[in-house]
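Once you've had a glance at the structure underneath, I'll fire off some questions.
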Amino acid sequence: MNYIEVFSKIYYELEVSNDPGKVASYIPELRDVNPDKFGVHLTTIDDDHYEFGDSDEKFSIQSIAKVLALVLAYKLEGEKLWKRVGVEPSGTAFNSLVQLEYDLGIPRNPLINAGALVICDILVSKFENPKQEFIQFVRKVSDNPDIDYCSRIANSEKLAGYRNAALINLIKSFGNIKNDIDVVLDFYFNLCSIEMSCKELSRTFLFLAAYGVCPYTNEVIISVSKSKRVNAIMQLCGFYDEAGEFSFKVGLPGKSGVGGGIVAIHPNKYCIAVWSPRLNKKGNSNMGMKFLELFTTETQASIF
Amino acid sequence: MNYIEVFSKIYYELEVSNDPGKVASYIPELRDVNPDKFGVHLTTIDDDHYEFGDSDEKFSIQSIAKVLALVLAYKLEGEKLWKRVGVEPSGTAFNSLVQLEYDLGIPRNPLINAGALVICDILVSKFENPKQEFIQFVRKVSDNPDIDYCSRIANSEKLAGYRNAALINLIKSFGNIKNDIDVVLDFYFNLCSIEMSCKELSRTFLFLAAYGVCPYTNEVIISVSKSKRVNAIMQLCGFYDEAGEFSFKVGLPGKSGVGGGIVAIHPNKYCIAVWSPRLNKKGNSNMGMKFLELFTTETQASIF
Amino acid sequence: MNYIEVFSKIYYELEVSNDPGKVASYIPELRDVNPDKFGVHLTTIDDDHYEFGDSDEKFSIQSIAKVLALVLAYKLEGEKLWKRVGVEPSGTAFNSLVQLEYDLGIPRNPLINAGALVICDILVSKFENPKQEFIQFVRKVSDNPDIDYCSRIANSEKLAGYRNAALINLIKSFGNIKNDIDVVLDFYFNLCSIEMSCKELSRTFLFLAAYGVCPYTNEVIISVSKSKRVNAIMQLCGFYDEAGEFSFKVGLPGKSGVGGGIVAIHPNKYCIAVWSPRLNKKGNSNMGMKFLELFTTETQASIF
Amino acid sequence: MNYIEVFSKIYYELEVSNDPGKVASYIPELRDVNPDKFGVHLTTIDDDHYEFGDSDEKFSIQSIAKVLALVLAYKLEGEKLWKRVGVEPSGTAFNSLVQLEYDLGIPRNPLINAGALVICDILVSKFENPKQEFIQFVRKVSDNPDIDYCSRIANSEKLAGYRNAALINLIKSFGNIKNDIDVVLDFYFNLCSIEMSCKELSRTFLFLAAYGVCPYTNEVIISVSKSKRVNAIMQLCGFYDEAGEFSFKVGLPGKSGVGGGIVAIHPNKYCIAVWSPRLNKKGNSNMGMKFLELFTTETQASIF
């Protein structure tokens, strides 16, 4: 299928510059992004490429990186990982803290902030130098030695990070954080600061469309079963309070970030990454979600 | 694939009679079921059949019927249905009432009790005689004129139904129930009283594996897009607090009932129904879930 | 002290007709009350009387009657009453349903709706004809045979009472309602429909300022200890989410109703009743609370 | 009245050594206290003294100190203090975090941890050296230059203080903490580390029974109105989830600490302090509460 024509057609329908959404504004590095940026990149498991717009421009992938941290922790820990974090959707954001209390410090899933903090704690326990080990893992998966943290963003996140500090202290009060809070938070804020372009994103996550095998190196990143389970978690928990909406309208497992990026997986077919910085009220890229909805409708292809 | 061998192999691994789960006991009709019953029936979209155990014995399908009520209401109302009920997973059961208050009487999704009550209210508004119209719809979908309500079970549900009465009164206090409470509750309790065998269940739900088309009559029950969306809702909301667990381990959209039944859909492939009356702590069939986990592992087939 | 001068002085400070509050509007009988009505009546334990404004006009005392139901149930049941209802303040209204779930159907205190419903259930269990027995008790306490229910108001309450129906069904699902729901609700809605003037109110509740003894008949209504405990419950739970505010500013135990009435007790001194129909956002009489704040400031008399 | 005889009589009824409660164990300094310790000291506003048992032995007053911090902040800030903290009881402990979210970072009252942290933040803003200024204030109020912090306890609290760190970070994320988190927490943990005997406690808090005037120096600590309001806050919020229970059974404003101390005020009469280290499930001194219940029953004296 000629995806580029589909991209182009949908893009002109969307009228991105009239998007009523708002760019994330809690740190200057996100606030100052040009809100009209728009990029798409689709990579098939046979390494065919389709791109459109600002698909080569790097942006802050933010929470999308949590999936990669999950993959690495799951690979290293196996199923005993699930003693420290659940696999259930989280319900409303409103309930995040009360649920943590109700569940005695076990976050509902690894893709909400609380869960990602526990994943970071696990990686901090595993490695002497977790930041370095993690970025090397990402570079390997993406077959790209240039992927890196952005220390300016990591620092800004730290200055605005009182809510994450509240979460990690609460989890630690239940004993589910083993390391020093400042070390784990530093790793977490670096994780969220990684920058990629749509092209890099879709290449990096392609192994989840290929049952865990990196298509560039044929290396097994994680097992078939684990790869499917990571996709299942994205399907149920990848969009905060809008996981249902995304599943309902797009019908693919995916993950969003407040930088305006979304990555979605069609197992055994492709990985697609979209970037549009304005967010809807739930914190997901407004046009990114609409684009993917029209895309799976147009191509009549979803997992359901 | 010879599914029957797979069924048999898994069944002997499970040791159903040692299942630590408990049969539902809030009404006599469920409490008195033989807990060792076990049946499976798989129907492919080409109408091949594979069955095992007590697959021809009728049981109370309970909440599984909510999917059929949703399908009928969605068919009749179209997308404006979603003004009255959401498509998001519900988080913990513990929060059900507080979420209804927080969301001003809009239930999180149509498969939790609160949402199914709103769906019932919609059908009561649509039909002069909703119970009769609904069962005729089910008979048509299942190509089976013998499917019926069980009035004994419906009456028992009514006598034990204070929690559902609390929910519907709360929703009505927000204006999201339009009809008389007793009429809607009567329809709801009848809906939950429908009895089917595994064979009937897997045949009835096969249209959701066939993109909305009834394979026996070639009639379009609902559109492709609506069929996919119903599957997406089952994926995210079909197992109460365990939707994540089921997605993670089984990897198919599905729906359970407290009678011990589970129906699951592999789009474009098959519909499978399992029955094992003992429930786990979340109210889902304990062996039914385990069976399906081993089945999708063994056959290496899930949507992820 | 010449209380009447104090009443008059405060009344002119208040500018009742500029009150930004709103009259309760969920039933016509409350909505149609003249919002500028204002009355006060203070009765000392020596039976001195001080009145001002519309102090002889009857209005709907609503939730104030819950204190009288509590007194009668406490008198009959003694301390075992507290197995079925707590004595703790309820926190935010927002949490009312979740708290009932968390506390397994035991309402936090007898003055919130949930608790008053349990008190009504207890009285329904005690009497053949609870409505008649209760009104006779109120007539005895008030030394006034004319006090009565208003059936028009009770009927209107019933038609608007979905939230109370939700509460009582939820409590019944936990087993803490023993009688038929419709019978208990009928008693409850009648209880809330009682009409009194400020004069009648302050005379009726005077026994709580007199350590449980009815000053007109010298009959012991309840023991000293029980009388003090009822005052303590009013102090902590008498004003919904504003119990703290009332304690802080007025410093007396009291109880409000959505009809705009407030009754407050100065133990061993007096009982005062105020009526001003406009309510603040928490559902308490706006000018009634302000009047009592200025009154205890002016007379330098509170229990603290 | 000869209070000492009453003390003695009640003490022998209580059988302190059979108390099923548990000494606080989250820090070694509290865990290692002799659980059979028991002391009482009552000081009347005329400076009569009645003591019993270990009334001269110092213990950690813990949260009781929050009242003194409130008094100092209220004195300095006046009524604008209430823009940053409420005066309502908090309902269940379970809800503490969700309420803070619901109320956008405004704690329900100044005696729960969240509220005391805001009070500490206010004092940190007011003083160059808040720890020194505060202890001087306490020494002045108590007319006792020996009152001091215990740095060993403060350090232990800090090491176990993840939950308080979670609270203060959450409040800061809403903008209701103005200073550096570590500075405020250091002040808070020191505040909780103050040590006093029952004798010192009852002398220190006597000004709240004397309408704000220090009986030893005749200095006005706070105004009559503020003193009454602090008592009202203690009445509604002084015992966590058991404020209602304490009001109901004891009928005096008071405050407890996890060190096993309780101070209670009878306005215009006396201040009484009790110490018994074993706590009930709500975190209040088990025998301390029972002792005060029997004491106000025996002396027939409560504010209600």
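The letters A, B, C and D name the chains in turn, as written, and every chain counts its residues from 1.
Just so it is clear, a contact is a pair of C-beta atoms (placed from the backbone, for glycine too) under 8 Å apart; a residue touches a chain by one contact, two chains touch by 3 or more.
A quick note: this is a predicted structure, and the numbers were derived from the prediction, not measured.
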item	value
Shared interface partners, meaning chains that touch chain C and chain D	none
Computed distance of Cα centres, chain C from chain B, in Å	47
Chain centre separation (chain A, chain C; CA means) in Å	55
Chain centre separation in whole Å, for chain B relative to chain A (CA means)	32
Residues of chain B touching at least two other chains	94-95
Category of the chain touch graph - line, ring, star, complete, other	ring
Chain B residues within the chain C interface of the complex	94-95, 97-98, 101, 162-163, 165-167, 169-170, 172-173
Of chain D, residues touching chain C in the complex	86-92, 94-95, 99, 102-103, 108-109, 224-225, 227-229, 231-233, 235-237, 241-245, 247-249, 251, 253, 267, 297, 300, 302-304
